[in-house]
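As written, the chains take the letters A, B, C, D, E, F, G, H, I and J, and residue 1 is the first residue of each chain.
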Amino acid sequence: MIRADLTEKLLDIKREKGWTWKYICDEIGGFSPVLIVGALLGQHKLTKPQAAKAGELFGLDKAETAMLNEVPMRGADAVIPPTDPLIYRFYELVMVNGPAWKALIEEEFGDGIMSAIDFDMVMERQPDPKGDRVKISMSGKFLPYKYYGATGNVPAYGFKEE
Amino acid sequence: MIRADLTEKLLDIKREKGWTWKYICDEIGGFSPVLIVGALLGQHKLTKPQAAKAGELFGLDKAETAMLNEVPMRGADAVIPPTDPLIYRFYELVMVNGPAWKALIEEEFGDGIMSAIDFDMVMERQPDPKGDRVKISMSGKFLPYKYYGATGNVPAYGFKEE
Amino acid sequence: MIRADLTEKLLDIKREKGWTWKYICDEIGGFSPVLIVGALLGQHKLTKPQAAKAGELFGLDKAETAMLNEVPMRGADAVIPPTDPLIYRFYELVMVNGPAWKALIEEEFGDGIMSAIDFDMVMERQPDPKGDRVKISMSGKFLPYKYYGATGNVPAYGFKEE
Amino acid sequence: MIRADLTEKLLDIKREKGWTWKYICDEIGGFSPVLIVGALLGQHKLTKPQAAKAGELFGLDKAETAMLNEVPMRGADAVIPPTDPLIYRFYELVMVNGPAWKALIEEEFGDGIMSAIDFDMVMERQPDPKGDRVKISMSGKFLPYKYYGATGNVPAYGFKEE
Amino acid sequence: MIRADLTEKLLDIKREKGWTWKYICDEIGGFSPVLIVGALLGQHKLTKPQAAKAGELFGLDKAETAMLNEVPMRGADAVIPPTDPLIYRFYELVMVNGPAWKALIEEEFGDGIMSAIDFDMVMERQPDPKGDRVKISMSGKFLPYKYYGATGNVPAYGFKEE
Amino acid sequence: MIRADLTEKLLDIKREKGWTWKYICDEIGGFSPVLIVGALLGQHKLTKPQAAKAGELFGLDKAETAMLNEVPMRGADAVIPPTDPLIYRFYELVMVNGPAWKALIEEEFGDGIMSAIDFDMVMERQPDPKGDRVKISMSGKFLPYKYYGATGNVPAYGFKEE
Amino acid sequence: MIRADLTEKLLDIKREKGWTWKYICDEIGGFSPVLIVGALLGQHKLTKPQAAKAGELFGLDKAETAMLNEVPMRGADAVIPPTDPLIYRFYELVMVNGPAWKALIEEEFGDGIMSAIDFDMVMERQPDPKGDRVKISMSGKFLPYKYYGATGNVPAYGFKEE
Amino acid sequence: MIRADLTEKLLDIKREKGWTWKYICDEIGGFSPVLIVGALLGQHKLTKPQAAKAGELFGLDKAETAMLNEVPMRGADAVIPPTDPLIYRFYELVMVNGPAWKALIEEEFGDGIMSAIDFDMVMERQPDPKGDRVKISMSGKFLPYKYYGATGNVPAYGFKEE
Amino acid sequence: MIRADLTEKLLDIKREKGWTWKYICDEIGGFSPVLIVGALLGQHKLTKPQAAKAGELFGLDKAETAMLNEVPMRGADAVIPPTDPLIYRFYELVMVNGPAWKALIEEEFGDGIMSAIDFDMVMERQPDPKGDRVKISMSGKFLPYKYYGATGNVPAYGFKEE
Amino acid sequence: MIRADLTEKLLDIKREKGWTWKYICDEIGGFSPVLIVGALLGQHKLTKPQAAKAGELFGLDKAETAMLNEVPMRGADAVIPPTDPLIYRFYELVMVNGPAWKALIEEEFGDGIMSAIDFDMVMERQPDPKGDRVKISMSGKFLPYKYYGATGNVPAYGFKEE
């Protein structure tokens, strides 16, 4: 069994039962839905108690339940660039605006990155008379590039002398 | 002159003068800095009045000023996947979380996309004792897929009869 | 079951029964045939009533019928650039004429795009003594790039002040 | 001089003079603007009289004028898939709908393609209270696959006997 | 069943029976062997009578026979550039000589292409004391680029006036 | 100077003088035009006497003339797959028909290839009331795969014994 | 059955029986081991008598034995660039030294190639106190580019006159 | 001026003067040589005082010195996979051992990554009678995936209720 | 059975039994865990005694046990660049720092590479109040490029005289 | 100055002077011609005395001479797969025969690689009445994979205990 087989099985059951993601997330609980759905789609892990709840809900056996608690090979089977229009639009935002984000974040924070690991996100529906909007708020810890060797205890040449 | 030549010239002047992006955006005004910086980096256009201000600030000639008011070939020279760590982290977020975003947005809104065109974004520094965070809020209009042909005035076969 | 399995099954039945797409589209109804055929080939969704009719026509079980009502991962398995000559010719039109379309649409409409979501299309056979022609008429809503921050309520620098 | 050098020069002059494409197309005349603009952007050729008019308009020398009358290496420098959002939307239409177009055209016309060579196109602005639309009508000659060897004068095996 | 499954089955039977392509083409008849073999390998369609003969010869069921009469997704599974030395040599000919072919055909015929659709080909063995040669003669209809808009009935600007 | 610089210079002169390829090939002589044009476009070499004639015709200096007599890095700058429609059609022929060519050549000749090196080609215009055709005849020496080791003097295992 | 299935089966049997390649090559005989092993791995064909011996050795049925006598689609499933370190080192040799090989072979032999078809190779273990070496000797026929048209019987222009 | 121009200039001066990296790093000081050399090669930034020292050492003007203090677009011009053998070996280590590193780090630390930002590294020459060795010690902060939403203050469904 | 099938089976058993990698490595013993886990994931081979122990532990049959003792096709199924964030960070380190590593190793050791074959590595958890760190120490033999021909016994021209 | 500029200059001089590679290699001496030519083409370094001789021969300045003594970024600008037919044939040999070489070398030597660094090669012309042959003999040191941890002094688990 590989993770894609488990994902396929979970989606078959969801379809068969007519469940919504909202229902499934409420049953499993504990995490934001983006993480729970991501885990069921093979991109994240669930905690042991969550995996147990999911196993009960979907009628999984022991090994399947254990697999939901494993860190998957993230991004496996991702198509790059994404072909699906909904996902592509996010990708386009990164491609077109990435250089400006880089310039502004570096001016504000210095050299470093916004973590994609210590990161959270909320999605909301924003009612709007001209058409409702998808609102996404995300925040990631700024991680400054560590310029080691600056404190003097590292020799200022490439190879430590023996 | 191609757009990349103009971008190179603008960055040379910014470096020479020691200007910050904040200073430049305050001078040009009118748009969010992500858009102004994006335009100066060759990914967006400025309005005519903004281009005029930018032209004055940077000492551009008429054709250079006009070029800032042109829609560029967006994404030209983009490296895919991005190699720069700051930009890559955003790309990774899309790759890893894209399928879950798709599942949740479609459950909430139906078939469609979040527009990358009718779209806005604010970046903020979020002070945090464990390390400040980059907060990004964005909202895009939801565009439902238009299922034309549903109103009966389109014949239910592939080719209109003459 | 993944969507490609369902597509394979539907094509097997169509072949077995000797049905045409015209017959199938007439049976399912409600949408233009490009959308119905696209949905059966795994690129669009059908509405619930359409999926029910398709399920009856093809003798599908509940989960298969539900899958036809799901938004698929569009473009999955697409070969880029397309190898099939019929599809490649459309791709070539975009590649060769894309820059001119961009120049003319932007001169007429300003900065923005023609939507590929709020979009319709009719195909017709155009009799011609020198050889019949395929006529395709399509219209997509023009979506102007939203230059947010122009109304003054967004501060003219990269990071909102706390 | 390569074609891209000439394109860059023409765009520099257009920008310097503040001309619109409409003005340029009116001056050169004779072809649809999509073709004239395409030629000036290095994707098509102009006829000799058109090239002469363009040469006069832009103040080109003899070799530059002659180059406008040459068939260019079409698609040179095209980025695949296109990164520019306006062009990408057309590409997405082909990717998502290509299989359905193939199925319907083949059912109507038999085995063959819609020519991308004997092909014409008109673009129109379609006023619409919900937002104007870009309307594109195109028609290409259907070219049936020639199944040679069917008339009996070709031997029914791979290699002609000496 | 997808087309590759059918191709695999046909090759299994050919191998089992010890048939040559010559024998198979003689049995099916009507087309040049390049087309018949191409169809059996999943790159072309057979006519209904040919498919019937092939179905009888290979002992196919109704759906398999019908599939041989369908236009396949041409080029599916093609490896680009080709890895097989025999096929690669043809590809190399195109890559190395393509620019010269383009220059000479355009000088002789004007702007256009040699059709790959209205196209025929014969292969012959050419005895030669220094080693026999493969002789390939092919002829394709020249298709001139249609420069529409030249007849005056198309307005000389990008967007038709309402 | 790299070969592409020389090609650009030759094309500039050809354009300036208004020469045809036919005229240039007649002046240089000795080879088929496909080879002479190919050499001038940087894909083949000319012989010393031909290079001398070309040097005189184009007014080249000693080093430029010598470069025409050098074997170039063939295929440098080739775009794969080709974007130009005229060249793409040949490529498509290889992609779609390659497997059938392989099957038939191997059945007729055994295991081997048609040489792309010991190879000649003639192009002709074939008048046709339905539209003239481009006729291409090519013949390449068949090179059988050499199955060495078959004569007994090579040990039947991977590593020669010392 | 496709060739990869047969390769997998042969390797399963070799593993089950604990055979070495040396043993297998001795049993089949007639070719160098590089060819026999290559054929069993799906990159070459065996002769009929060799295939018969292999069929007996591995207990193959008639179709499997026949498949070993077929020319495979060479290079199918090759990963480029190769990921396996042993194979990559050869690839690196070609990449780094290819330009020098080209310069020296062309200076010695003129324009042409070393055949990869009329080619043989022996591998030997070369004992060396500093660590044994793999010695590979290969020889390929030099194939000069044929500059046809040089004998006067081909007209010195692109298209034969009718 | 783009960063690659500056790198080229710095290497020209280093070559002209005959300096070693050790000398340059001693002059600039403050960071590990991997970072200083990386910055001079366009992959990192120097601090202002370091850039000033580098500017003095290399005789740079104000803008060049400022550019050394800018965060570059990291990885620009990187060839993937790397062609240079020294760099490729590191890449191969990641490719071959990556899955095992993932399994072991996740078993020890849980779900997360080793930071490539908060990361340091020392290289040493390790004398060895069988041939000296390159020893590389690196340590990166472990960053656990943040499973937000676990504290109850995030609603257990995809979209926050208004 | 291919290696990926065996890997899948081993992971299924590990999951079923609830074993850790530590337990498995202790049972098999003899190698560093990076190598044992790598072998079980299909990237290395185990020795015969280790394979026997693994076979007993996992309940493998004879052929499966033998396969663990075979050198696999390393890197098969590797995704490049890696999509999994944990593995990607290592890849990013190579991409960003590779040029500096090259400069420093070559200055210290001369022309050559750090072997990825005669190579060892230890991973450790480094407790740190600001967050534990992953420490990786690796050492590879330096292999100097062999500049053969320097001893005079190789003729100073490209081709040995007969 | 980048290495490609120097290569271009050296080839310009060679062409201008009419020198052969044999003459150049005789003048520089000390290495096999494959290495000297490779160095002049930017793929290897020359020793200081060789670089001095080359500098004198070609009239280089100090920095150019120093650059010839630098290790270049090998494989820069390599086209993969190679388009030049002479180089491609070597590449094809690796692609088609690589798996068999792997199987045989591993059976003879065990797990490891043939070094591409401690490697030498001689090319010879082999007279043959059927056409002269290019003979290439190469030998590379076999480098066994080092299975560290086997001696007991490395703990049998992933992370050293503190």
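A few comments on the model shown:
Here is the rule we go by: a contact is a pair of C-beta atoms (placed from the backbone, for glycine too) under 8 Å apart; a residue touches a chain by one contact, two chains touch by 3 or more.
A quick note: this is a predicted structure, and the numbers were derived from the prediction, not measured.
The set of chains touching subunit B and also touching subunit E is given as C, D. Comparing each option in B-I, G-I or I-J with A-I by residue number, the pair that reproduces over half of the contacts is G-I. Centroids of subunit G and subunit J (each the mean of its C-alpha atoms) stand 22 Å apart. For this pair, subunit A with subunit F, the centres built from the Cα atoms lie 51 Å apart.
Subunit B and subunit D have Cα centroids separated by 28 Å.
Computed centre separation for the pair subunit C/subunit I is 46 angstrom, with centres defined by C-alpha atoms. For subunit I, residues that reach two or more other chains under the stated contact definition are 21-22, 33-35, 37, 44, 73-75, 78, 81-85, 92, 95-96, 99, 102, 104-108, 112-113, 115-117, 119, 121, 123, 125, 143, 158-159.
Partner subunit B is touched in their complex by these residues of subunit H: 1-2, 62-63, 66-67, 70, 73-76, 78, 116-117, 158-159. Per the touch definition, subunit E reaches subunit G in the complex via residues 8, 12, 15-16, 18, 79, 82-85, 104-105, 107-108. Every residue of subunit C that touches subunit D in the complex is listed here, in rising order: 20-22, 33-35, 37-38, 41, 43-44, 74-75, 78, 80-82, 84-87, 89-109, 112-116, 119, 121, 123, 125-126, 128, 130-143. The touching residues of subunit I, counted against subunit J in their complex, run 21-22, 25-26, 29-35, 37, 44-45, 47, 71, 73, 99, 102, 106, 111-113, 115, 117-125, 127, 143-150, 154, 156-160, 162. Those residues of subunit J whose C-beta lies close enough to touch subunit E in the complex are 81, 83, 85, 88, 92, 95-96.
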